[in-house]
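You will see two complexes here that share chain A, one where it goes with chain B and one where it goes with chain C.
== the complex of A and B ==
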């Protein structure tokens, strides 16, 4: 606990120190990321020990604020989220040190590092807090720090707009959380988390708390109807910030939801259904919208929605398992969802860093303007390829392991109780959705990787592209290695995950980790690990074989698309849109892609153009009309905002006098 | 002693009415100076045992409220080429009527309010409330910034009187704190008025709404 506290203090100290070092960019370049790295190294040991040994630790200090207390604690559930924070943050920070170098003359990097350190500190505090007030304060600091990081390039209109969307979305979410904690706190008589468990809420109120938690935390996590800020904010933020936000910060929403579930006792079946349906919608729609994007970071942002959907599928299967009293399904669902939290943190931050590296060297995020970068940026390309394979859930990488957990859990739900039971239908739904998501994700990343890194350069942007500097490459290498290592980790993850899930099911009548039902599945995972190892060996030997065969032979290289064309031109290549077209056309009912076509006309056509645009369905069809209606209604109140100082004072006084008279009446 | 306190309190009310009805800024400043002095010496009249400390504080407060603040206001008035008329939003008769209503309301409030300690005079609390309300009314109902400062001073006088009613004895530190606050407030407002005047050639606060977006 002491180490964790000192890590926290180092983050906060580093943030204020970097605020003071604005005048010394060379020192700042070291101190800003340095404090994140040192703090994370300090904090990782207690987190790991809690995760592996399953120990819990708790520390309570009094606090001046009413109802508040400095209660912090760590248990395996906090630890698995903390590990993601403490692993990804330092790597993103090191990447940021290189990435921000080109902004040194134009932007205030002191503030940027201030908020970055603050964001890491507040995320850590969110998962450690054991008091609702402390939790909400950390939550709010986290939201604000990330908002300021998103609007780093605030001189651009689009960035400011994205910032406001994020700001509004996150505060609407917080409003629900506030009500939820007040409900819990009123019945428990205190805002300590320890008093919330079974605090005597009626079953209706428990459902209200659950729904509010899903909306409030789901807004942060990016569940489908509440996800609108992700595709706006992630492209707008600097890449290392997107990596941190998409990889780690949105997971605090999942953490909050799970932590709330531990207060609420045995879940009724419809909770599981709700989460599964949210998972299905987020997963499938997320990946579909990702397919239709032209902006690489926007594409990755939609994939965050998709992966949150996969996580939600796992949690939903777990919840169904709990409510049907099926310990195995509960364990596998929760374990898969939570493992995917860590895995997604690793490969999504890797992909965002890769995208940042591309953006940094080519200067554009438009996929259709890129191409052929594998020759100029081989390391970035390899890292991006590994990340792409991992996010698609392909073995032997880490995405496969967590999805495998969920698949097995869902199959188990189907086979154990017969096809008629609720868990079985949930299982079928989850399997179908996961399979569809996996397939579409492969299509999407084939498109992203193929168009960006293969072929010939499509515009002048990437002709001068170059490999990024050392501090940007090292994090990508480490994250790629982590992707591979965690792909082999499935067997060992089993014990760790049973520690975590036992926190989630601790208040219930059974504990899957101890009842011995789950041990057969350990063998299944052992075979997964062995097969992954074998696959790596095969791939490695194939690469070796190739280089052995190629050595001593003459190699020729030619233009990529050189099959009989007289004058090959980079515009003859597939574009991102044309690659994805068969799929986007199939799903056009959902996507509502707008196409702007002016076809070639006549015998010697001069100009022709085609462009397509896919707006977010919920953003355009749901939120925009709602907020427009709200604005036109609220604009009636503009009249009282007239600028007359005297009358403003009168408002205050009337309010005071009315309160006074009302009290004395 | 009680008679003296009561007569001072009645004079305070009369000063408030005078403020509400007078049309010239210089008159207003003089009146508020007079009122401030009377409020300042009120502890001397209210206290049965005069100590050196209470006397000193009372004199300092009377000096500040009666001499320093009015002097600063007069100087501001001289430096800004403002019109010496008030140009009120609310006419003088209506202002007087509002003053009467606020006095009645203050007596009603006093009857409903159960104070933890008995006030030194039955008039103290209503007069204090009435002065606060009058000050607020002056802030809201008058146009020039100088007049709003005057309203603020009247409100402060009311608060001071109310505090006196509750604690009787004047706690030194608190009083000095209040005095410091007021001094700063008047000082800042003086500067603000000067600035507004220099930027906009007038100190009509109603024209500030041209600044809104």
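== the complex of A and C ==
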């Protein structure tokens, strides 16, 4: 616990130190990311030991605020999120040191590092807090710090707009959380988390708490339909910030939801249903919208929605398992969802860093303007390829292991009971959704990788492209290695995950980790590990065999076979839009892609153009009308807003008097 | 005697897979009234290609060169998991997921290799491949899930090894639906008629053949061999459903299985001879139809066997 506290203090110290070092950019370049790295290295040991040994630690300090004390603690559930924070943050920070160099003359980097350190510190505090008020304070600091990081390039209109959307979304979410914690606190008589469990809420109120938690935490996590801020904020933010936000910060929403569930006792089946349906919708729609995007970072942002959907599928299967009293299903669902949290943190931050590296060197996020970058940026390309394969859930990389857990959990749920049982249908839904998401993800990432890095350059943007500097390359290499290593650790993940799931089921009548039913799955995961290894060995030896076969052969070079056409050029290549067109057309009911066509006309056509745009369905059809209506209604109150200070003071006095009278009544 | 089938499955597949192509072509030749190419033509082709020099496009990179071996490696691993006459070399709970995702890895490699050439032709094929496989994947996994529910086991060996004649009596319609859905997926994934026509190079309707247009020499040989293996492993799923492995044992199972594979190849040849290729816009309907059959099978299985 002391190490974690000192890590926290280093983050906070680093943030204020960066603020003071604005005048010395060279020092700032070291101190800003340095404090994140040192803090994370310090903090990782207690987190790992809690995760592996399953130990819990708790620290309580008195403070001036009523209803509780300043309590923090760590248990395996906190630890699995903390490990993602402490692994990804330093790598994003090191990447940021290189990425921000070109902004040194134009932007205030002191503030940027101040908020970055603050964001890391507040995320750590969110997962450690054991008091509702402390949690909410950390939550709010986290939201504000990330808001200021998003609007880093605030001179651009689109960035300010994106920041504004994020700001509003996150605060609407927080409003629900505030009410939820007040409800819990009122019945428990204290704001300590330890008093919340079974605090005597009626079953209706428990459901209200659950729904508020889903909305409040789901807004941060990016559950559809509360996801609208993600595709706006992630492209606007600097890439290392998007990596941190998408890889780690949105997971605090999942953490909050799970922590709340531990207060609420045994879940009724409809909770599991809700989460599964949210997972299906987020997963499938997320990947579909991703497929229709032209902006690489927007594409990745929608993929975060998809992966949150996969996590929700796992958790939903787990909840159904708990409510049906099936320990195996509960364990596999929860374990798969939580493992996917860590896996997604690794490969999504890798992909965002790769996209940042491309943006840094080519200067555009438009996929259709890029191409052939693998020749100029071989390391970025390889890292992005590994990330792409991992996010598609392909063996032998890490995405496969967590999806495997969820698949097997869903099957177990399906096979235990007949059609009359809800768990069976939940399992079928999860399997269908995962299969569809898997296929669409392959489509999406072959597009992203293939169009950006392969083929011939599609515009002048790529001419000056170059490999990024060392501090941007090292994090990508480490994250790629983590993708491979975690693909092989399924066997070890078993023990860790049983520690984590036993926290989730601690208040219930059964504990999957100890009841012995799940032990056969240890061998299953060993087989997965062995087969992943076998896959690597077989492919490796085939590569060796091929190079032996090819030695001494004549290898000629020629142009790509163009069917006899004499003047091929790079604009004739397939683009991202054309690659995705069959699928976007097939799912046009959901996507509602707008097409702007001016076709060639006449015998000697001169200009013609085509462009397409896929707006967010919920953003356009749900939120925009709602907020417009709200605005026009609220604008009636403009009349009382005159801009005269003495009038405002009068309002305050009137309000105070009314409150006073109401209290005395 | 069970051991024979147990250990012979993988070598059998590795050796016999290209023969399926020969049988399909001979069947088609028979329907067209031709003599046709020799049964072992695919072996000659692969052997010839492996000894040739190679030409590479200047646009391509190491992605293009390594994709064939990645594909071959993943389909080989898939072959270890696929049961022959109801028993595979290794089996574990959930191995069918590993099997499906190995084929996914192969597809991923083929598609990015096609995009690596920068040819709009190959981009077109890649685009169609990912589109159709997106729809084929749920059909395959749901069909297998129905089978898993029927047998109560989530490994390929458990699913197929326990299937017997009495299961056909008890839930024949469901099994038939599953077999048909997997057959459609098998045709689509292996680029056969009615989804794709392996004989027409350089047509705007091509899918698989156009993705590998720029390969030559040993790489093309590896691609051909990997495609034959894929035909074998997906075909093996169908044959395993149909032969009721629980009623067979050891050597006889192996023979029945191999015979089943050859009959399946003849069936593919017949389909290719009597059907035209579907219009590209109709293919998704076919695949969604296969998915619907899987779901129907699943419902039947859950309703009547719980």
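Points worth noting:
What we mean here is this: the second predicted complex is superposed on the first by the 627 of 665 C-alpha atoms of A that agree within 3 Å, B and C clash if a C-alpha of one lies under 4 Å from a C-alpha of the other, contacts with A are read in each partner's own complex, and residues count from 1 in each chain.
We take it that a residue touches a chain if its C-beta (ideal position, glycine included) is under 8 Å from a C-beta of that chain, and two chains touch if they have at least 3 such contacts.
All figures in this text were calculated on a predicted structure; none of them were measured in a lab.
In the superposed pair of complexes, A:301 makes contact with neither chain B nor chain C.
Contacts of A:538 after superposition on the shared chain: chain C is touched, whereas chain B is not.
In the superposed pair of complexes, A:351 makes contact with neither chain B nor chain C. In the superposition on chain A, no contact is made by A:215 with either chain B or chain C.
Residue contacts after overlaying the shared chain place A:436 against chain C, while chain B stays out of touching range. When the two complexes are superposed, the chain touching more residues of chain A, out of chain B and chain C, is C. In the superposition on chain A, no residue of chain A contacts both chain B and chain C. Contacts from chain A toward chain C in the complex involve residues 371-372, 374-375, 385, 389, 392-395, 400, 403-404, 407-408, 411-412, 414-415, 417-420, 424, 428, 431-432, 435-436, 438-440, 442-443, 446-447, 449-451, 454-456, 520-521, 523-524, 527-528, 531, 534-535, 538-539, 542-543, 545-546, 549-550, 553-563, 570, 572-574, 578-583, 586.
Chain B makes touch with chain A in their complex at residues 89, 109, 112-113, 136, 139-143, 148, 205-206, 208-212. Interface residues of chain A facing chain B in the complex, by the touch rule stated above, are 641-647, 649-650, 653, 660-661, 664-665.
Interface residues of chain C facing chain A in the complex, by the touch rule stated above, are 50, 52-61, 63, 66, 68-70, 72-74, 76-77, 80-81, 90, 92-95, 97-98, 100-102, 104-105, 107-108, 111-112, 115-124, 126-128, 130-131, 133-138, 140-142, 145, 148-149, 152, 154, 202, 213-214, 217-219, 222, 284, 295, 298-299, 302-303, 305-306.
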